[in-house]
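Across the two complexes that follow, chain A remains constant while its partner is chain B and subsequently chain C.
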Partner chain A sequence: MTEYQGQSGFEYLRAQTGRHLSLLISKPSEMLNPLFFFLLVIILFPIGLGPEREVLSDLAPGILWVVALLSNLMISQRLFVDDFDDGSLEQLVFAPVPLALAALPQLLAIWLTSGLLLALVSPVFALMLGLPEQALIPLMSSLALGSAVMCLLGGVGAALTVGVQRGGILLGLLILPLYIPVLIVGSRAVTEAVLTGGDPTVPLAFLGAALTASLLLAPFAIAAGLRISLEL
Partner chain B sequence: MTGSILLEAQQCSVSRGLRTLVSGVSLEVAAGAIWHLVGSNGVGKTSLLRALAGLARIQVTGDIKRHAPMLYFGHSLALKSALTPRDNLNRHPSGGLVSDSQAIDKALSAVGLSGYEDAVTGRLSAGQQRRVALARLWLSPPPLWLLDEPFTALDTSGITVLENKIVSHCSAGGAVVFTSHQAPDLGAQLQTINLEDYRGD
Partner chain C sequence: MWRIVHQFGSPPWVYRFCERVIPWLLPITFTALVIGSLWGLLYAPTDYKQGDSYRIIYIHVPAAVVALAGYYVMAAAGLVSLVWKIKLADTAMRAAAPIGAAYTAIALITGAIWGKPTWGAWWVWDARITSMLILLFLYLGVIALFEAYENKAIAARACAVLSLVGTVNIPIIYKSVDWWYSLHQPASIKFTGPSAIDASMLYPLLGMIITFYALFAVLMMINLRDLLLDDHRSSAWLKKQLEA
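Moving on to the complex of A and B:
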């Protein structure tokens, strides 16, 4: 028998990222759901609060960030569920890369189609709330960084609760406390830019540090969670 | 490579909750061997196979040594109904498949699905979907196969094709452990373990 040669680790990760991306794109309604949710909230807030521009632009950083957090929470609940149900998740055990890495392509695909997409269109929503222009770049960068952190943290919670029937509430309880610091720092980056007209560097640096830390640590926690859920 | 051991299990016991399903199973899977696990429903065939695959470590006692990369084919087919059969194989979550599209077309035609390469997997019949999943066996698979009920939902020609594939894989130095309620025609290499003899409490 010829010596067995599997896919290389890099090829595997690339193929899996493609798989998850084409799965997400094949269901555009599900992919765009968080965006519609975002749009809805941004439309409703001015109606509820009244159209005073000062009030809205004061609240805008908080509103935008809270909605980003909630839409991330919505996505996290579905994260591994389909793969768990159809047996794809257990096949990760046989992947040519360790389980900690094998779960990452899905998170990357999810972040590209939700977090990054949201960050890219967020200036439109921000202008609807009257956020000053100098805050747009800090908003986009804080959302891009922060949503990546939240994706990884959400992945940890999702890995732990994927085997649990109706694990949504449990997931919220598990990961919301971890989301809070991201929310505080993220919205701070935007407020900073609005108030001082200036420098959001410190909060953004904090988000970058959080992303680095969670990139290093979350994969191991996700692998451990998946092992528990799959009873490995 | 003939004669080398791909998988060893010694005094292996598998439980579900508080109930021990099978206990004291010892198994040595050498290159070229075909092992058939038989037993009535619920005796623990799937649980034992998953234990051998390393998919159920918590409830397993005993010593299982895995010496070769393996392919596990379970009840859940790990197919995405929104993707085409080609994409499902090309980007299978277990990795380890050749990903050039000619090889995939050949594998799909080997399982009788030529013409369905770009169909939507979710629209295929149950038997066809199992054939898509089984096409993994044609795509330079790892040497050791653990197949859970591979013959289910296949028609007679499909069963023959799969039997031939298993036999040729084993004569090329691979090995197969499978569960089935059928008695497939797999030649002289076939060895059978009846799990009723290893029933727990």
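Moving on to the complex of A and C:
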């Protein structure tokens, strides 16, 4: 890779990931708000549907996945906005690595502090909804994989709308249809584990394949979107 | 040979082409639409199981087929515009989007009307119906993104990227929704092997599908002509064209 102020491209990516992570961690409320949102929306379901345990545990996989999807949408709205406003997004274009790669550190940092975090604490919410214990591992792994896919798709939408005034609702309209396959496969992984007491391997493999494919393709769409938003 | 390709990138040429073709294609399409509808609604035999309610397929199936094809037309125009920076491809993409959305809506509405007597409900969460609904939102997303940008040249590039992302996703959406749950009958018309539909019903249906394609083409030309008029309202060639 090309040298840039004595740094190799790989070092540059690592430094960028560190920068984004420390920016996110320095504002814990930004990191924790999606979690509180997740908890609050989950509380709404027992209140709205009634507290019967059988009903709730039947609906739990769907509820957990829909809420994870919504909190992911919320996070995607913030993606690139600060960097767009203060001009560091323009610097990204001149980074020593291709723009498609240069946008990845931010997505990785966001995923680590939101998607992965949510996957790790999701058993707490799942048990509150009465999801059987054998479904917890499939839930966590499907959320971890699925949120990474959603992060990449959300990145495409965010890159296309970052220059638009009040792009938030527009972003939802653009990327929610693209989230649907992830939702289908992800909640299937959990229901499969509940129903058959066992094998969520097939849906999880599908999520893995979706992650591989979106990791290969989404960065190019993100780069194209950022160039369009920066009017370059 | 390349000249033909290059001509499609020139707004004056395409404007004149539209002006010349529309007066022919429009009456032909409408005649075909009337004949096809009468054939399907009056002369095609009654289905022994569904009675006369099945006749809505002469609108429903063509609309659904062309709705999906319309998305690919839009995405292909987007690809051309991104790769070769042909401005006219942007205009073609903008012309295709609302027509495709309208076709999708027609397919959904006629499907609901057919579903009521057949399945006993206006709406069922069946795989194909759901993916058509998602297709409608993909169309609406492209239209909304275009409207959101002030700078229309930038907007067209953004829409091109979005429609390409959508193209990659359409097969995935179809497969995943299919896997999710399917109540809808599988495709009856096959290009290889015998169709599961009788010839007396098949021919009017095929005729209607071709007519709906032609209708898409003529509507797109009308849209394209109007968008060209709007985009080039101050250019010299258009003034000359309108005076002639």
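Keep in mind that, in the parts below, the second predicted complex is superposed on the first by the 226 of 232 C-alpha atoms of A that agree within 3 Å, B and C clash if a C-alpha of one lies under 4 Å from a C-alpha of the other, contacts with A are read in each partner's own complex, and residues count from 1 in each chain.
By our rule, a residue touches a chain if its C-beta (ideal position, glycine included) is under 8 Å from a C-beta of that chain, and two chains touch if they have at least 3 such contacts.
Values in this document were obtained by computation on a predicted structure and should not be read as measured data.
Visitor: Record, for the superposition on chain A, whether partners chain B and chain C clash or fit.
Guide: fit
Visitor: What is the contact status of A:L112 with respect to chain B (first) and chain C (second): first, second, both, or neither?
Guide: neither
Visitor: Decide which partner touches more residues of chain A, taking chain B and chain C as the two options.
Guide: B
Visitor: Contacts for A:L173 in the overlay, against chain B (first) and chain C (second): which applies, first, second, both or neither?
Guide: In the superposition, A:L173 contacts chain C only.
Visitor: Could you tell me if A:P96 is touching chain B, chain C, both of them or neither one (first, second, both, neither)?
Guide: first
Visitor: Mind working out whether A:P181 is in touch with chain B, chain C, both or neither, as first, second, both or neither?
Guide: In the superposition, A:P181 touches chain C alone.
Visitor: Identify the partner contact of A:M128: answer first if only chain B is touched, second if only chain C is, both if each is, neither if none is.
Guide: It touches nothing on chain B or chain C.
Visitor: On the A-aligned overlay, A:A224 touches which partner chain: chain B = first, chain C = second, or both, or neither?
Guide: The second partner, chain C, only.
Visitor: So, does A:V41 touch the first partner chain B, the second partner chain C, both, or neither?
Guide: neither
Visitor: In the superposed arrangement, which partner chain does A:L160 touch: chain B (first), chain C (second), both, or neither?
Guide: second
Visitor: Between chain B and chain C, once the two complexes are placed on the common chain, what is the minimum CA to CA distance in Å?
Guide: 8
Visitor: Please identify the positions on chain A that touch both chain B and chain C, taking each partner from its own complex.
Guide: Chain A residues touching both partners: 231.
Visitor: For the complex, give me every residue of chain A touching chain B.
Guide: Contacts found on chain A: 1, 4-7, 11-12, 15-16, 18-19, 22-23, 26-27, 83, 85-97, 102, 230-232.
Visitor: If we count contacts the way the header does, which residues on chain A are in touch with chain C in the complex?
Guide: Where chain A meets chain C, its residues are 156, 160-161, 163-165, 167, 170, 173-174, 176-178, 180-181, 184-185, 188, 210, 217, 221, 224-225, 228-229, 231.
Visitor: Can you list the chain B residues touching chain A in their complex?
Guide: Touching chain A from chain B are residues 1, 31, 53-59, 68-72, 74-80, 82-83, 87, 90-97, 99, 140, 142-143, 172-174.
Visitor: Where on chain C is chain A touching in the complex?
Guide: For this pair, the touching residues of chain C are 82, 134, 137-138, 140-141, 144-145, 148-149, 151, 154, 157-158, 161-162, 164-166, 168-169, 172-173, 175-177, 179-180.
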